[in-house]
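Structures for review follow.
Presented sequentially are two complexes of chain A, the first with chain B as partner and the second with chain C.
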Partner chain A sequence: MLHPENRCIKCGACQSVCPVLRLEGRETFPGPRRLAVEVSRFSRENSTLSSPLEMCTSCAQCESACPSRLPLTDAVMLMRVRHGARSEGGDRMLRNSRQFGRTIAPVSSMRAPSEGSTLFFPGCVGEARTASSVQAAIDLLLSTGDRTYVPDGWSCCGSPLEKIGERREAERLRSINAPLLEAAEAVVTACPGCAVQLRRSNGVEALHVLEYLYESITPARLRLRSSRLLTVALHSPCHLLRTVGPHTIDYARELLASVPGLRVVDMDDEGCCGGGGGVASARPDLALRMARRRVDSAARAGAEVLLAPCPFCVVNLGRAGGVEVRELTSFLASLSESRS
Partner chain B sequence: MSLPDVDADVLVAGGGAAGLTAATRLALDGRSVTVISSATPATALSTGRMLLDPEQLEAVEWASFFLAQFRRQGAYYVMSKRPVNALTNFGTAMKQSLTSPLFDWTTRDRDVAVVGLVGNGDLDPDLVSREIGRSHRVRPRPYWFSPSFSPELDRDRFAEELGSVLMNDVAESTIVLPPLPQRSPYDLLAELRKRSGKRIVEAATPLSWPGRRFQALMEGTAARLGVTVLKDRRLMSLDIDGREAAGALLSSGGRTQKARFNALVLATGGVPSGGLDVEGRNVIDPLRLFKTSSAPSPGVASHRLRSALSTGIATRKGKAVTLQGGSLRNVVVAGSLAKGMSYPLGRGLGDVVVHAWKAALAVEEVL
Partner chain C sequence: MRSRVEALIIGGGATGTGIARDLAMRGAEVMLVEAGDFAAGATGANHGMLHSGARYAVTDPVSARECAEEGAVLKRIARFCIEDTGGLFVSASRDDAEYVDRFLPACGRAGIRAEEIDTREAREIEPCLDAGIKAAVKVPDASIDPFFLALGNVSSARRHGATVLNHSPVRRIRRIDGGFEAVIGRGGRERRVAADVVINAAGAWAGEVAAMLGVSIPLCIDKGTLVVFNGRLVNRLVNRLRPPSDGDILVPHRTATILGTTSSAGAAGDRATSAEVERLIAEAEAVLPGIKESRAVRAYAGARPLLGGGSAGRGASRTFQVIDHACDGVDGLISVAGGKLTTFRLMAERTSDAVMEKLGRAARCRTADEEIEPFDDAPSSDFDLEAMRYRHGTSAAALSPFSTVPGCGCEAVTRGEMEHYASSPDVSDIGDLMRRTRAGMGYCQAGLCAVNMASAMDQGARELQRYYGERWRGVEPVLFGEQLRQEMFKAHLLKAYGIDHTEEGR
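Here is the complex of A and B:
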């Protein structure tokens, strides 16, 4: 049982960094201090909270800013389960999971060997919504001589189901994946959410593809080159930056900096794409507003392409329009001369 | 597979005013310095104002270097010979030595209007007016303004609307505003002055933008001096070789990273910042590496509270003492993590930066 309320020092740092609060205002979204701490301190039951609780993207900026290291994101998710009715999107995810073992009904599968030593975990959103990016990542790894494979029968990592309180279904999925993950020498995924979930619930050192590319393959072997001058901006996915680790963004920057002809611009605003925490299905209007904010920032910086190393970010930012959004690994794949 | 090692002359744990001061001074001396930091430092939660003694050499050294650096980042401060009584967002006075024409609302001001912005909880003009009326003859006039535009998302229209209101609807010549949500408000405030024809000042406000701004200025200064700042990294353990710290293990998200250094500065702050932890009746080092001790200090009320607040990492001849009792010759403590720096209620940024400025010298002697 979480009791963050006992150690909150009321500094308000979480409130000042919350991207949803900054965009929507305190009347609509009271912020992590209210939702994660004050609510559980002062009220047992409050159904008027179901609406604001739906708006948390689980970006964990609050957690990252908290001087007392409170588990604010988990606390908000817990409040959500306690106070909220589940959305249609949540019901759909559960139905899909029970039927297909995925939160999104699979459309096609990846072209890859079904055996090898580096298990590539596509993830539900990866395979169903950003299939070409995931395929490009797999092809890139294969082209370097890596023994990448995608096992038959892999299931959703369980993260979205846990976030809506479906612990039993998440556990069922975990146990399906367990033997598959154990058999692999290395586990790699292009989805930060999956990487975190596989580490936490399966205890596997699941690496994000950026970590694998940088540490194991190394930038030199990728031989990245751009055929034309291009200006890009890099979006830092919340779960990648904060939960998988800040080193991943350092890796992304170094990989991009190593490409002659590529100019990386800084955006004047940092923040969440709006696609996480179930917000894209529960509150698509908010998800779109947050996406627009990010993409506008990229446009102001003069970027021709906005790169994001996360399928959720790519899908949500893509809704905004204005600047081309591409998944980072597939972008790197298109620049790699190790691919023939 | 592992993350690349962090290699530096000096590793500084803690990215607030103390850590960044020590790092900057060491970088000035030509050392390669890496700062690791996590969460929000107490510096970013402070008012960003400080009291410095103009007779103290280290204070003058700190100010002359850092204020010049701040100026290059667009922030104009001067160290005044005599402390000024700045007014806070509660209408109370606080002594401070760093003054700025843009920010000073002082007890000397007359013909003042305090303007609250609906939606901005930092300044309640009615509260302030009452409070000042209690201790001064002249009461500032309270106003409330409900902006149609967000200063963050729609800066130009916000400035146009507020500038016009201040010019036409507010009689007084000096306007006090709450801190505006801007990293660098100098331009916005200058524009409001131009549009309204009034003198615009900011109340000294904790837990708000001024502290974040000060933090950003310190980070900017460190970056200009070539200090590497790694955010969201924590010190997990030290590799101790005899009487020296030879290296450390850092956490980066779910993974770990090795660090190698010739000297280590511990500047992780006091209890609120997480540099010290409260366990039962004791204040301890959360890393469980170092001993803590309390500084003798006069005080009121609870002896336990006094001792808790005045506790810091134990040092011998300036070097940190481990739980085993030995001191590590290359580990120095800086800022609120040191004993006696957090009592009675935090000695303030002035004392912290001077302490860290001196600590950097101690590190130089080790290298």
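Here is the complex of A and C:
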């Protein structure tokens, strides 16, 4: 089909759920229908759109609300490639990718076997920005007897490069990863974005680590226990909820519920942390405002720790301050009896 | 009330408004009267294509040369309503591969810049083209908005002193000493106009106008149906590289792609049928596979007023004729017929030359020297202002202080723009407002914005019902796929206002 977004019937559902539109107002961010559907049909006028285009966090709430299931996020990203201004961050990602095969220059190497059966895919943000979490996740898996490994020479999944229109570079990375992924019995990652991209571009059934922990390892084998009474809140990452799979976050809830000594509280405001879609680098002010809403909500609910099963969310929520933010798998690892 | 002018022009299409502009620029006292709204006939019901002339190069070299020359002039004077997309002629896998060998030299003879390119290159610049295309030629075709072109002529004519009236049908016209007297207007608002010369530029209705003065014109009406698809399926005009036939042109037009046309004997006011739509889409599939799954939002039919001396339809020349009816015993009546949107300015020039001669005055045509609407090259940084600049030219800047609340999302029309045009004396119904802003022309076919337009005009459910009835005539032939869902959704919404938008009414 040519241009699927042209199938919009203007019900307005996408506009009503967009968190950026709600927070910033129509004057600043005209919303997914306007950017993905309406103005994409114009030609010369679109040179004016670079500012609103960089504000989409690709949370995909619009897509979930759309009765026609239009690919609104992809359409916004395509508009961004065509009409957005290339940010400094984008240039840096491309440079790093060409030099290191990662969008962020790798800082340290992980302690993990380089051979095994379960390939753990660290991801660029995971490795460089939440290295201790990734290490903890690997250690947790190994502690259960799983033959977890990180292959030498893995590269970026390609998702951020596709989003800035660098298809050729994304393809180069895909082909580097292809033989590594094919050799693995299972592919696991703690980054929802990587999981989805590896599924889409490499055609492997990449699992989010929560899926793997719940379905293959099972909660019983993890033997989790909190040494003291602890109140936590669970953030639902957009890419986990709407692209990895709708039930993955339930696995997280069940894993947490199985831990003695842990109390999980509900937040009064659910939604996007603002850390996706390149917003954290292009519009840090907006990303911070969105993160604050989430963290404030966790504080109001009485949470001591805000947990997030996504490295992007962890980094961005962590900027807001006020409540301790932790990556979920590494938090689970810290509760593991087999580890302590 | 009686006024006196030198020239009375009947018909507010591109040609009539072009003549009004031309004569006014030459200093003549001019009145133009249009029975409905400007551009409401064939002017507003064609492809919106600025011909390079290539389409006629092989079969109709006179028209081809006229189009080539006039196309270049319009790209200079009508920048505000032209998108210089360029055009591509491609031969589909089932087309005659030899045709390109006749086409290229014919373009050369007509003065058209035509350049054959590799089919791979063609598919790079137009990714949706069929993989089996056999030849591709680049030509300087462009896309033009005929509504804004005619409206631009009207404002330019007025700036030069012309009186231009819409919704002013000619009720009677008779010869008086040294000229004519016409009664124009509706109901109680009739007025008398005396004129030395009457110009019949009524397009498909030219025969009826001439008949009021006892003259007959050998005109045949050729029906052409077009389908509007949502969004840009192509980036430049895509033509079939074959002798002109049905369904062989795709025009990227503002937020849509227009596919056409058919050619069959018809009458003014004919409607597009779903059978014609199916035929057009089946033809286009040969060039643009997948178009049958794309979203058609509307279909419409235009009435080409062709000068018929026996040969009609595709066979009739697209050139035009200025007829001095002195030979019919009606000195002072001049008719102009035939031609293309692309050649309207030349038609206006030739007609105005004849009028000036009748008036015994001499002043040369200046329409090619001055822009119809001033157009500033500097882009603005605001999307809505940019959209307005490409509709109204530089004068759109005056609308910037008005409300930027969206009025019509499909076409990016603000409430402020709606309110401004709603207050024009030319605008008496929602359709008039639509033609001046494009609100309502988009994919939801006025689903939501009609209400905004009605409120900008202080009109209510009855006027809305009438306007939706007009929209429905164009939607009915494309009721399949996504547009069917769209119309179901609209029916549901509009129930709240007690409106059945599928009811044509009167």
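Couple of notes before you dig in:
Everything below uses one rule, namely that the second predicted complex is superposed on the first by the 331 of 340 C-alpha atoms of A that agree within 3 Å, B and C clash if a C-alpha of one lies under 4 Å from a C-alpha of the other, contacts with A are read in each partner's own complex, and residues count from 1 in each chain.
Quick note on the criterion: contacts are C-beta pairs under 8 Å (C-beta built on N, C-alpha and C of every residue); 3 or more make two chains touch, one makes a residue touch a chain.
Only a predicted model underlies this, so the values are computations on that prediction, with no experimental measurement involved.
Once the two complexes are overlaid on the shared chain, A:E211 sits against chain B while remaining clear of chain C. By the touch criterion defined above, A:R22 lies against chain B but remains apart from chain C after alignment on the C-alpha atoms of chain A.
Touch criterion met: A:R34 reaches chain C, while chain B stays clear of it.
By the touch criterion defined above, A:L49 lies against chain C but remains apart from chain B after alignment on the C-alpha atoms of chain A.
In the superposed model, A:A13 makes contact with chain B only, not with chain C. Within the superposed three-chain model, A:T243 lies in touch with chain B and out of touch with chain C [touch as defined at top].
By the touch criterion defined above, A:S336 lies against neither chain B nor chain C after alignment on the C-alpha atoms of chain A. Residue contacts after overlaying the shared chain place A:S58 against neither chain B nor chain C. In the superposition on the C-alpha atoms of chain A, the part of chain A touched by chain B in one complex and by chain C in the other spans residues 9, 11, 26, 68.
Those residues of chain B that touch chain A in the complex are listed here as 1-3, 38-42, 44-45, 119, 152-153, 207-208, 212, 230-233, 252-255, 257, 272-274. The touching residues of chain A, when paired with chain B in their complex, are 9, 11-13, 16, 22-23, 25-26, 64-69, 186, 196, 199, 207, 211-212, 215-216, 241-248. The residues of chain A lying in touch with chain C in their complex are 1-3, 5-11, 26-27, 33-34, 38-49, 68.
Taken in their complex, chain C has these residues touching chain A: 83, 128, 229-233, 235, 252, 254-256, 288, 290-291, 293-295, 379-383, 386-387, 390, 404, 406, 409-410, 412, 442-444, 447-448, 482, 485-486, 489.
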